[in-house]
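Provided herewith is a single structure, encoded as structure tokens, for subsequent inquiry.
Letters A, B, C, D, E and F mark the chains in the order given here, with residues in each chain numbered from 1 onward.
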Amino acid sequence: MSISVRNRLPGTIERIVSDKVVSEITIQTAAGDVTSIITTGSVKRMNLKVGDNVLAMIKATEVSVEK
Amino acid sequence: MSISVRNRLPGTIERIVSDKVVSEITIQTAAGDVTSIITTGSVKRMNLKVGDNVLAMIKATEVSVEK
Amino acid sequence: MSISVRNRLPGTIERIVSDKVVSEITIQTAAGDVTSIITTGSVKRMNLKVGDNVLAMIKATEVSVEK
Amino acid sequence: MSISVRNRLPGTIERIVSDKVVSEITIQTAAGDVTSIITTGSVKRMNLKVGDNVLAMIKATEVSVEK
Amino acid sequence: MSISVRNRLPGTIERIVSDKVVSEITIQTAAGDVTSIITTGSVKRMNLKVGDNVLAMIKATEVSVEK
Amino acid sequence: MSISVRNRLPGTIERIVSDKVVSEITIQTAAGDVTSIITTGSVKRMNLKVGDNVLAMIKATEVSVEK
């Protein structure tokens, strides 16, 4: 399987905070912490837990540049 | 100045490819290359060049998780 | 510092509603109210309060047109 | 008809720049210029022209805050 | 009225789960269920209910491809 | 492998239009055509062609509702 999404940064989940609808996942990567908001439904379906090795996936059109 | 955007990954521009409307910026970060699509207007206004030290900026709602 | 994000509309915060993970910020601008969903973590880190002068920041790829 | 999108700012198109796939639309609003990237297919289908009165439409999850 | 948003898939709401700030709407379409996160403010303003016939609206820049 | 992205609609590519930086992919699904803007780099890397069976992938936070 291949995916058009250009950015997939490897990391480890260090924290999960959940409301009923959305959750905040903090992923430790080599470039610093990456914070993700996904549905709590996905957290349950994927059984995401602190310590899991994951990829932070980001579409190129969603990345801005600061200089 | 502070910004609500949670993810700001430091890196160096290694490639810029431009059409008239949008450009693709490749940023080398410690977590791997990050690809960004921004307007060519911003590339010009910010005078972005290969070798520039920048931050790749990503809103938390735009980050998905793959396991 | 410069940012590739093309749209930065000045305004004043008139309301903040928070859940544990995300908050809704209503910003009064000259073009009408702008509603933003950001992480509650950012609301705390930035110490956002009603009455604050802020910018509503929007990437150009996120703007649609209605006629 | 009603739409869940929270932000709809009235304005006038002042500039259209097109590549084959995407176009940049500059919309003059009371809060300043708003830049939008949409498909060139939509520009044609909607027959968008300089001087048109339009709304810039932005989902609340796409708005960040700067202070 | 016309809208630049390219994707508008017809369907029926089969489930609504709400926190104070955001809600998850599950829409049954001919291509399978589509999940949407919108503000709870919009759910109230539009009076969205299970069984409503709606369109799931998605900007083309937000669609990725998997093969 | 599992992905947090909630929406993955099966379809067939019916058209690809490319500029240097981004391409427009039209995907025929059971719910109608879905248009996607991805980088031309991904089109080449994935060797996307008319007739390919693919999934249109959309994060739940990117779906709005119209009624």
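One rule holds for everything that comes next: contacts are C-beta pairs under 8 Å (C-beta built on N, C-alpha and C of every residue); 3 or more make two chains touch, one makes a residue touch a chain.
Only a predicted model underlies this, so the values are computations on that prediction, with no experimental measurement involved.
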item	value
Mutual neighbours - chains that touch chain C and chain F alike	A, B, D, E
Path length in steps (a step moves to a chain that is touched) from chain A to chain D	2
From chain F, the most remote chain by mean C-alpha position	C
Interface residue overlap between copies chain A and chain F, same or different (over half shared)	same
Chain centre separation in whole Å, for chain E relative to chain B (CA means)	29
Separation of mean Cα positions, chain E and chain C [Å, integer]	22
For chain D paired with chain E, centre-to-centre distance based on mean C-alpha positions, whole Å	21
Distance from chain D to chain C - Cα centre to Cα centre, in angstrom	18
Chain C: positions in contact with at least two other chains	1-6, 19, 22, 24, 35-39, 41-42, 46, 57, 59-62, 64-67
Touch-based graph of the chains, sorted into line, ring, star, complete or other	other
Contacting chain pairs - touch in the sense defined above	A-B, A-C, A-E, A-F, B-C, B-D, B-F, C-D, C-E, D-E, D-F, E-F
Residues on chain B engaged by chain A in the complex (per definition of touch)	5-11, 24-25, 27, 29-32, 34-38, 42, 46, 48, 52-67
Touching residues (chain side chain A, partner chain C) in the complex	17-19, 22-24, 35, 37, 61-62, 64-67
Contacting residues of chain D [partner chain E, same complex]	1-6, 36-39, 41-43, 45-46, 57, 60-61
Chain E - residues contacting chain C, complex	1-5, 19-22, 39, 41, 59, 61
